[in-house]
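Below, chain A partners chain B and then partners chain C, in two separate complexes.
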Partner chain A sequence: MRYRALVTLAVVLACVLALELACALGWVARTVIIPPSEMVGSLRDILWSGEFNRAIALTLTNVMISVVISISAGFVLGVAIHASDFLRRAVEPYLASYYAVPTFIFYPVFIVLFGVNSAAIIAIAVLLSIVAMITATMNGLDRIPTVLLRTARIMRLSPVKTALLIQLPAAAPYFFTGARLSVAYSFIGVIASEFILSGDGLGYAIAYAYNNFENRQMYGLMLLIVIAVTLVNMTLDRLDRRLQSRLRR
Partner chain B sequence: MTVLAMASRDAPKAAIEPPAASLRGVTRHYRFPGGAKTLHALGPIDLDLRQGEFFSVVGPSGCGKSTLLDVLAGLNPPSEGTASFEGKPIAGVPDGIGVVFQEDASFPWLTVEANVAFGLKRAGIGQAEIDRRVDYAVGFMGLRDFRQSYPAQLSGGMRQRVCIARTLVLQPRLILLDEPFGALDQQTRLIMGDELLRLWRETRATVLLITHSLDEAAMLADRVGVMSARPGLFIDIIETGWPSDRDSRIVADPRFGEMTGRIWEKLRTETMKHMQTQGAGPR
Partner chain C sequence: MSSKVLASKTMASKTLPSRTLPGEALRNIVPPIVLALVLILCWQGLHLATASGAISSPAATLARLVVLMGSGRFWLDVAETGTAFAWALVLSIVLGIGLGVALALLRPVGEVMEPILVTFYSLPKVTLYPLVLLIFGLGMPAKIAFGIMHGLVPITLLTRNAITQLKPVYLRTAKVMRLSAFEAVRSVVLPAIIPELVAGIRIGFSLSLLGVLIGEMFASKRGLGFTAVNAMGLGDLDTIMAIGVFLALFAVLANGGLLSLERAIRHRSAGR
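The block that comes next holds the complex of A and B.
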């Protein structure tokens, strides 16, 4: 476990050093990529100047809203589809091929519906992330061993108690996996939408820097996003592993 | 000695007391998904479980033993006939019945201790009493060192013991056990059987035990029900006549060999029938 983490760290460090060296030796043009040390410097400037605080706050808020909507609505929809054979037969083929559709093509529709603002961005992000939660919820409910439900019946638990005390904890690891994917897709959905069409947020800031040849700032912002997403993912991964280890038999 | 004492003590009792559970003309058909065809899995069965008796069931694999248990537990209604528990028709799971299923039913998200206490908490029993009963059951099942472990950290046999403990702490009046020692070696099976007997004597609960082990069936039970190949019927119900203070040492008794011999004789023909319908075994 610790060993694996060390190897991962070593690989990342090696890549960073190689890039630094390549930049220092002039193998890579500054217009293409700047040395990692400068990216860190730029990130520090970004954080200290406070110039982007508004954009950061806006992006994180949008991501958070998208996460909350997709997880809660995805869970409810997953439970509903699982409960109804009819719904399930109707919807399952679409769910299976959902991620083959490039969701972003619907962007114009949302702009018409909501205008150019956060609502349209959140809608795209939710569209992208909700299905992961729906599928995970259905999968989790499917995988509850029937003998546990029979045990609940023998203990004469009410349907509500069965849901809360048996089905929820039994399927929790799957729900969590869905939640994790929803977080990742929400980040992608929000930042990519900001990049393409909005006038605000981190995605827009990157697009703006790119259009104005502000390489240093662009890479600083990218580094910020990579670090933020990595931290979120590591935290969720740790929780996920704890849940999964209990499930393994 | 006690064999006769037992017989004279229990015979009139069985006559006066109403049965703990009874089945009349019970059958069970499963529907194949989609089709109109059904599978006749069980019956018709007539059976009275006497109050406080230890009844074991043996029969070839797939003959409907678990199906029978489902009917008694109120998990599945009979397709035909009636089932009753303590004089009342079984509709849904009645109060006072405990079941240990053939499959592992431990809750993987709870510790051993919390698993065992689960039913007690739901029943609204006081914490002191819960602690007392859990303590006893955990010790009884040899899980004392694993109270804080999760099922994933236990062996299959230990998980099954968690399920047995979780059922016993509720002090059911009718205990249905479906191959509960399946994951245990022969020696541990005998020891667990002793423990089960001790518990049965203490609580005077009625026990129905499904098992694949003839030794276990013969050693533990007052009566052994031998089932035919599917659709399962009782082809014989053998009274063992053991004293109620019996234990696993009875396997050394010559009468024990006779008893398992008798059960096997009945079962051998059935098992061969079963193998033939499955396209295996001697022809």
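The block that comes next holds the complex of A and C.
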């Protein structure tokens, strides 16, 4: 496992080196891609100068708010839908097709509802990420082994105790998978909305740099997002795998 | 375990066990319709609640959609978006299945590449759109490339996953029969994973449509995505809602069709 991760890292590094070489030899025009070493330099300048600190803070805050809302609301909705047979039959066909709908189109509706501020962006991000949490919650509750629930009944646990001592621990790994997806989708939702629709945040900063031919700055910002999102996703993925392997015991 | 990122999307394809009794069918059909009616009522409620009906009512949206669908301009946009989407989808499917098969058969390569693909899948790919634009220039190729960036990876991951989870007896049989690698893929591997392929195509369908639309919303002069962004600039909410509803209906219908195809195939292969 460890060895394989090293090979993966080596492949990534080899690709970066190849790009660096292609840039140095002039196979790739500077107007298209700048060498990775310059991207790193630009990223360093961006972080040192503090020029984008406000945009970074804004984007991270929006992502965090979206994550908190979609995980908590998604969990509650998932439990509610799971509890009612009617609701479940009503919602399930829509859940299966949900991600086919391009949510971004409805941004102006949220502008009307919330005004021109972060709330509209957070709403889009929540729309994108909440369904992952709802589906994971329902799936987790479905997969609780019946024998555990029977044990709870034999031990005459109250519903609250059953929920806290039996159902929650048994379904926790599935809930975590949902939470992890919510984080990834929140990043996508916030940054994509900023990029296309808003006038603020990291996504907008990249679009702005592109429109002004500021390639160096643009690639620095891209690198920042790619590294940050990759680190977050990898950490959560590792935790997720650990929890899942506990399930298989 | 490998493409768990996609799990939430495939998970939804499981439904409650349904029997073919008429009462049972009714119990599956009535609740979604009730929910749809409730949602439309909520929409109407929002329309009435916002000042001077800033949000278009369902009726106004429908009327606008009818007007739009009568205009030639709208169908030019649909053709533009549709062409880019069709190319993106076909290329995603062909390349995705090919890559998935290759990564599954060359196991070590697949294991090394998988984390990279999973990471790429959960990246906000919009940030990379300027790169696509700089490589391909403005226009159709950039949109197609961006659609492929969204659709290719999930199809690859699901195909690879389906093959690695195949019962070893299939591949062993192919070996015993001395099939060449190509014959084994064509007559053993691919038929065995058809349900998963349809699931992958369904997800690739949604994502490459999303990719093409996002591509059109930024730096484009044609297509439904451009028209929607243009209408945003003009504050023309009727048009935005009409386009949104049109796209949502198209996406949901296509997705539903692929979903029932997937179920039919699974049902048939389970019956054998």
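Definition applied: the second predicted complex is superposed on the first by the 248 of 249 C-alpha atoms of A that agree within 3 Å, B and C clash if a C-alpha of one lies under 4 Å from a C-alpha of the other, contacts with A are read in each partner's own complex, and residues count from 1 in each chain.
Simple rule for what comes next: contacts are C-beta pairs under 8 Å (C-beta built on N, C-alpha and C of every residue); 3 or more make two chains touch, one makes a residue touch a chain.
Keep in mind that what you see is a predicted model, and the values were worked out from it rather than measured.
Q: Put the two structures on top of each other at chain A: do chain B and chain C fit, or clash?
A: Fit.
Q: Of the two partner chains, chain B (first) and chain C (second), which one does A:Val229 touch, if any: first, second, both, or neither?
A: second
Q: Does the superposition put A:Arg238 against chain B (first), chain C (second), both, or neither?
A: In the superposition, A:Arg238 touches no partner, neither chain B nor chain C.
Q: Given the overlay on chain A, how many degrees, to the nearest 10, lie between chain B and chain C at the CA centre of chain A?
A: Between the chain B and chain C centres, as viewed from chain A, the angle is 90 degrees.
Q: Please determine whether it is chain B or chain C that touches the greater number of chain A residues.
A: C
Q: Could you say whether A:Ile154 touches chain B, chain C, both of them, or neither, answering first, second, both or neither?
A: first
Q: Thinking of the overlay built on chain A, is A:Arg2 touched by chain B (first), by chain C (second), by both, or by neither?
A: Neither chain B nor chain C is touched by A:Arg2.
Q: Could you tell me if A:Ala172 is touching chain B, chain C, both of them or neither one (first, second, both, neither)?
A: The first partner, chain B, only.
Q: Closest pair of CA atoms, one in chain B and one in chain C, after superposing: how far apart in Å?
A: Result, nearest C-alpha distance in the overlay: 7 Å.
Q: Help me check something: in the complex, which residues belonging to chain A touch chain B?
A: 145, 147-148, 150-151, 153-157, 161, 165-166, 169-170, 172, 245-249
Q: For chain A, which residues are in contact with chain C within the complex?
A: By the definition above, chain A touches chain C via 4-5, 7-8, 11-12, 31-33, 86-102, 104-109, 112-113, 131-132, 135-136, 139, 177-178, 181, 184, 187-188, 191-192, 195-197, 203, 206-207, 209-210, 215, 218, 221-222, 225-226, 229-230, 233-234, 237, 240-241, 244.
Q: Help me check something: in the complex, which residues belonging to chain C touch chain A?
A: 1, 4-5, 7-9, 11-13, 15-16, 27-28, 31-32, 34-35, 46, 50, 54-55, 111-113, 115-116, 118-119, 122-131, 133-135, 203, 205-207, 209-210, 213-214, 217-218, 228-229, 231-232, 235, 237, 240-241, 243-244, 247-248, 251-252, 254-256, 259
Q: Note which residues of chain B are touching chain A in the complex, please.
A: Spelled out, the residues of chain B in touch with chain A are 73, 75, 93, 95, 97-99, 101, 103-105, 107-110, 118-119, 122, 150-152.
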